[in-house]
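Next up, some structures in structure tokens.
Common to both upcoming complexes is chain A, partnered first by chain B, then by chain C.
Let's turn to the complex of A and B:
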């Protein structure tokens, strides 16, 4: 069953940035920063032939019923004409897709979840390093306000409950860690949504697949979702 | 194709020692800019001259400012693509005033403006520059959820980006569209993603450029260039009031580029000057060069050798 999707216009309510996001932004070197809006996802319901809001509640129920995300967000090879060389990652936060460019004008497309405020920046970075079942260390602000996070103040070991999931790709600008990551998640139903984190999340099977295909140094292009990040008039 | 002076300066500065130390072994030096068609044509010039005139030619990558400085002194002999009106200030200084640089009489026509994809034009009705001033139409270009469309107008350091901002103010769509500045790779990848998902997009474009072969790109129609209406004050001339003093509610003036070469070369090797003056690349050939190097990732030297092998008739014509 095909579930096409689109991201219509919606203004979100504000600039409340999660602690994790705040940490990303604070250390995220000057790519392009701050963001006030995020787009909302819709998927096409083939029964009613209408676009329906794809929010957290619907995502949870869909995942519970199907044990997977809607088809549009599943890993698939798609036609993709580009001048970027194979191995380049292109992240389209607006449509919740991550493309890994392949030979022959194709790409492997994965569904992604992005920060509640969008990805937070746009530009060109590279994969500086990768990790399998990475340790997650909550930022100090989160430790201070969240008892669940506080117990991992010195770092939560990698594992199925770890927020970073099965793999993490650490994004660098030059030799500097931007603090942004492409990582897995223990909450696969959140793929396709704008959820708090500030980084790019993929389900664990997808991030494991992506991790197996990319090389350290791979070019990563983050598109203009959150275009207000750019220098405007 | 508005190349950044700043980038060229920095790149050229890095290459300066190489350039001055390496030109002794060859009969002439062709400066090679960092854009694909310039790299292809620099190598075609090299292999063409070597084959038809029997001279040793060296290709060296360097920025336009350094190439012009070398043309001025005679330490660089050729610039394969002198873009106009983008490099008018250099042409005025070295060609018109100092007369140390000459331009080939043959030009390659180029264009600049705002483009969309075929999908955007046909399905969403964005076909003319005036459509950008209609917020109902430009709402489909929104990517951040504020109801206002976004549009890339060039890289921050490009001289054309300033002019695109002036044009947006003059036409009025600066009020209905958020103007974005970003590296070209980000913008082109956005076009790729838009084309792959049939999502509407509008963006600054120039040709010859490989994007026209990669996707079905549609330039927006707009009023023809009118010199009387083209009043551009650059930030370098008036850092505070450049925008308010400018007005350009018309298309770009005709753009083009020529091969440039040193006047000293013309005196030293007149047959080379004649050869360069006869080179008549077409816009289609320039786009093919851009596509071959940027999309197909062909090596510039190998591409040029193949091109030479397949265009003997052209070389014969250039050698007359």
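Let's turn to the complex of A and C:
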């Protein structure tokens, strides 16, 4: 999803956020700037024997060559010692992992794409509702600047080209929609990258698997993305 | 062949045998070194993140441990920052309802200390 915001935008602290996001802030969702966070994802290049930046170009060429993302970003069961209940979702945007807590101190780990610089956020939310092959409606600002989005101003029907992909989990705080979602993507090579406007994207097989395993109401803990400058509540 | 000729031939064969042994030894050494290099090398397609934030489960261990000092339910405690202190420990900053705590946790998931700030 290129941009998750549906409501008119306004500027706050030098960054553009929506009225809905402001509501999120008021509700206690902490938004973080990542300005001073220099960490990056790297991939080992067996030809040069060096670690190189895993950026859009590298990710796309890797996916084209292997027809899948690097192994670390593929679904797998991992040890995960936590007191959180099975069924809880933990999102670690720094490492680009989403964990679904399982019994026996394990979790199913999926690769994710997360918010680009300045769009990271943290909070404790819940899955308010879910949808299969959801409709995507671009926000007004996006419609104004992007002709491709303009043609879907009244909503793009669900399907393989829809930015929300095969499934969407809508994240709520209390009864309020935070406007953030965990969703699929028609661009699976973007898993492992900082590309979104705050939504969490997964490849379609993974979001379909996650959707089949969770219940509406599931707790979602979004860990801080980036290391520094606190900007939120 | 006279006696000195036989000794000369013996010496040559011994030298040749030693050279072969040295070559074999050098090749074995090179193979060991190569194997060492290869085994230390990450697998193709390995990924890593250069940031030294605490693994998610360690951050959550700190969140649980910080609930009492912060006087809140553990479900309300959110890790908001983390960093690596040394090879075996991480520091995690936690927040709940405006209050903050610092937590130190080791790589085994044992909370070393929690302090309200």
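In the analysis below, the second predicted complex is superposed on the first by the 178 of 233 C-alpha atoms of A that agree within 3 Å, B and C clash if a C-alpha of one lies under 4 Å from a C-alpha of the other, contacts with A are read in each partner's own complex, and residues count from 1 in each chain.
Here is the rule we go by: a residue touches a chain if its C-beta (ideal position, glycine included) is under 8 Å from a C-beta of that chain, and two chains touch if they have at least 3 such contacts.
Values in this document were obtained by computation on a predicted structure and should not be read as measured data.
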First, second, both or neither for A:131, with chain B first and chain C second: neither
Touched partner set for A:73, first chain B, second chain C, both or neither: second
First (chain B), second (chain C), both or neither touched by A:90: both
Partner chain(s) touched by A:99 [first = chain B, second = chain C, both, neither]: both
Partner chain in contact with A:81 - chain B first, chain C second, else both or neither: both
Overlapping contact positions on chain A, where the chain C interface meets the chain B interface: 37-40, 80-84, 90, 92, 94-95, 97, 99, 122-124, 221, 223-224, 227-228, 230
For the chain B and chain A complex, residues of the former touching the latter: 139, 142-147, 150, 152, 156, 165, 168-169, 174, 178-183, 185-186, 188-190, 192-193, 195-197, 199, 210-211, 214-215, 294-295, 297
Parts of chain A lying in touch with chain B, wherever the complex brings them together: 9-12, 35-40, 78-85, 90, 92, 94-95, 97, 99, 107, 118, 122-124, 221-228, 230-233
Touch list for chain A against partner chain C, complex: 30, 32, 37-44, 46, 49, 51, 54, 62, 66, 70-73, 80-84, 90, 92, 94-97, 99, 122-124, 192, 219, 221, 223-224, 227-228, 230
Chain C to chain A touching residues, read off their complex: 41-53, 55-57, 59-61, 64, 74-76, 78-83, 95, 109
